[in-house]
């Protein structure tokens, strides 16, 4: 019984991380129909900023605001000086631009922070809740808890605010939305900042969860998040969040019961290709809503 | 005699030219992008290695067979590609790259993580090919593939491809069977990548799944995109530039992926047709410099 | 179109090297200075450079200074082949020492052997590297031996009765585990279950939950320091009681930096015995710490020894490849190294030496025991 | 074979919008049928149904007796049906020659491998290539496009682009040609040339033409019969003069008349 519960928590923690990263990417796809690969680079930037803040101030409380501010700024700059120029080109151009920027960012972090993992150790890591043989570590509680809080914030932002309405309208049909007065550039800039800030927090959480940050930690997540987006129905935030948790749990339980018959990301990609072919609108249904 | 070190560089340049050309055919002509072409190089390399090591087949049979096996998987991907929009096709090929590496790592007969060792050097007239001979073989294959692609591009098959790339539905209205030509582009492209894989295996004599990871796919794409899709000279010169330059400029070595990444971004944003493609500043400049001696069927006026 | 091919040949011929001239003895070295294994690569380079300093300090080789020519192989087989050709043809080195893992070393070994250039692998332990290659030697112990000594130590020192194997899926990870899998039952250790994981995996919690269920006395986990740190941390988080047994892959200061006090109690078999009384070992550990402000690890010590063995062979036998190879092959009880006396080299060119076992006490490796049983330590 | 194209009860709707509702057409070989109607009446939708871009919701389209409404555009093109588009659909960064050559695509017999196997002028591929080039050259001469033969189509003036699109359709050597407003945006003089060319097509090449055109004078002059459509429903079919005076047609174009004046 303990193993099942532990796997459940591990899967939920993994799902939370997938969710936080993929929300930003799904919203950008919803609005601009661009696959924003560089988003994973923003996430790594968040982890590095968080580590820097933690090293300077000694407490992880400062790590989160540093990551949020830094990543929101980076997100906006990426939109303003990169994507805006190519957003109306054939979908291939922004995709390759994104991949190029992601590769460059990965290498830049390696040159700045060194090629090896840097410890993001904080005293509380070893404490946790113990119920008989069932252990939940502080890190897991931190990740799942903050993800839950952030998801509520995202839901409010998307469904209950004027900006959220503008985002949903633009996702349905950008021209029409602009026609009725949505200043798209401002909206998109804001969306990039919001999504990137989320990714920044996810970066810090992953840094804490694994107690380590390294320059190419973005690589696996960058492509895993594609799978989550496709499974969740592109541009569909609620669908993506559900798909994120499903993938996190599925991976954990598959590996726990059958071990690694294939590396983690190969398993995820097989699911993605099957969904892409069989259910083009993704598991969660209609592609259009946000 | 040219020292072996340059043979190594020449051989890797030839292999990169083939890989770059394979992307050139697929993306440049038929407008289908693959972000996982290292997977097809892997299939070619492993097919050729297994045929020569386990089944003792001679290289001269194994290499074409490797191209065929790679083309078969390419055919499968082509059929899948028909159902997918452009950018989703790109993600699928990316996924294929991870899956192929995963299969090579975990399926029993591919030597798992140990890879395949002591792959035989190709035999010619009874004894092992020397380093110079192997480079000559690579150059000959590059020449052959360039000629074949050049012919394809000029023939009506190339015309159909360009029609698909420019405006797929209009080409369809003109009677072009979109499915047939897209799949054909995949088959040709993956066959070339398979040949490159086979040459790589028989040069390095030792391959592991980790040689064909996703970063390699990015590099292959950079070679072609930087060079300029849509014209043969693009991928060829792009491959030469990006293989020789790092060897020559030592300081680039450590900043390799950073330079590739930034090049991709800048080229895609400001010069989508690539450095050596049509109308790129380099081609136009060279044309003005040499007074347009490069006759492209009276492009003047 | 012809223009493109002509341009291609022209560009290729242009790259001519600068012929280096000197009467110093040139020894080649390669290690992963970039890429995911860069931490070990840097450490190996520092060890090798320290060795060159020591050699030149006491008169170099018969009066000639030793010059080390090194390249980065980026832990890629392809790059290691290019580096091999460069060292042999352009730099014309007398011998080469590899400070890289098994895969790149495996790729380069046949090239050095065919060109009759003596090649010493310091941390690459894959059996294929020295296999029937007269010019290729390995001062790292064969990986299966670590497995055997691990089994012996688990039974004799830790008194373990049951074990679970957590195997990293690469050439190093599986070769090391073969030794343990064969020897453990002979010492009465029952292997309950075996799990494997891909190189670079970060999340072991789902496997560790199962292992906690299996409740073994010891957990034999093969991996490099990054995987090892995650395993140790996540095992502690999940409250796994079993002692974790590792191998030389764990032996790096990064292991402590990443896993902190979760590393206490971990036991590893390695080459560098921190408690060794040999004068050279103490001198090496002290000098390394003085220069780099961080404790030397097994990788640095092995690269250091590789250079010393190569230099010693050239000093005694001259610079002709066959003589160097013969000299290394016949080395007996060579004390002049940091990692304990090198007892002998077998026919395949693999060293036999005592295998020290270290245990982690407040984030530092301390000597636990040394395995001297010839039955276990000879390949 | 007295009927080339037969359409019965063709209707197509997008969601609630009834774009076409049970249109019937029978077309005899070598005939020119003009299709008129206000903007948005469903004329282009009719063309898109005939050439396979749209799949009709109900009704049958028979070409030379064979039902084709379920075929894809490329299969229909191969049967000998070509079309031009209302707003030009050319391959902008290809040259005029290549655009027209694509029209020859359906006639290229060289299989992929047979083409690769043969080489040089004598081979089958070489001979076929030359035959196609010859046909294209004659069409270029016919439509006076020599001057722009090797220019990128994107840069050509509007009128010339219309001609290139016509040339490309002709290169298909169609038996049925669907012309979607061929003269839109042309000068009077260019319109005159276009009328001559369309007449030549009918007389010399025996091509059956379905013509959408707003210029009443031209349609009346050139068409053998005319079909008028309004809000997707056929409202009149017959000789040009009869359709011109048909009350519904006048109403559709000029709006409701208070009193019904005798037609001028």
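For clarity, chains are labelled A, B, C and D in written order, and residue numbers in each chain start from 1.
One rule holds for everything that comes next: a residue touches a chain if its C-beta (ideal position, glycine included) is under 8 Å from a C-beta of that chain, and two chains touch if they have at least 3 such contacts.
Model, not experiment: these values are computed from the prediction.
Listing every chain that touches chain B and chain D alike gives an empty result. Between B-C and A-B, more C-beta contact pairs are found at A-B. Centre-to-centre, using mean CA coordinates, chain B is 36 Å away from chain C.
Centroids built from CA atoms put chain D at 51 Å from chain A. Between chain C and chain D the centroid-to-centroid distance comes to 75 Å (mean Cα coordinates, whole Å). If each chain is reduced to the centroid of its CA atoms, chain A and chain B end up 32 Å from each other. Each of the following residues of chain B touches two or more other chains: 105-106, 254. Within chain A, residues 260, 263 each touch two or more of the remaining chains. Chain C has residues 34, 169, 198 in contact with two or more other chains. A complete list of chain pairs in contact reads A-B, A-C, B-C, B-D.
Interface residues of chain A, counted against chain C in their complex, comprise 2-3, 6-7, 10-11, 14, 110, 114-119, 121, 125-126, 128, 130, 133, 135, 137, 139-140, 210-212, 216, 220, 252-253, 255-256, 259-260, 263-264. Residue ranges of chain C in contact with chain B, taken from their complex: 1, 3-5, 7-8, 11-15, 17, 33-34, 72, 76-78, 81-82, 85-86, 88-90, 103, 106-107, 110, 128, 169-171, 173-174, 198-199. Contact residues on chain A toward chain B in their complex (touch as defined above): 35, 82, 85-86, 89-93, 95-97, 99-108, 111, 219, 223, 226-227, 230, 260-263, 265-267, 269-270, 272-273, 276-277, 280.
For chain B in complex with chain A, the residues that touch the partner chain are 27, 33, 35, 80, 83-88, 90-92, 94-96, 98-99, 101-103, 105-106, 214-215, 218, 221-222, 225, 254-258, 260-265, 268-269, 272.
Partner chain B is touched in their complex by these residues of chain D: 51, 53, 72-74, 77-78, 83, 85, 89-94, 98, 101-106, 108, 110, 112, 115-116, 125, 129, 132, 150, 168, 172.
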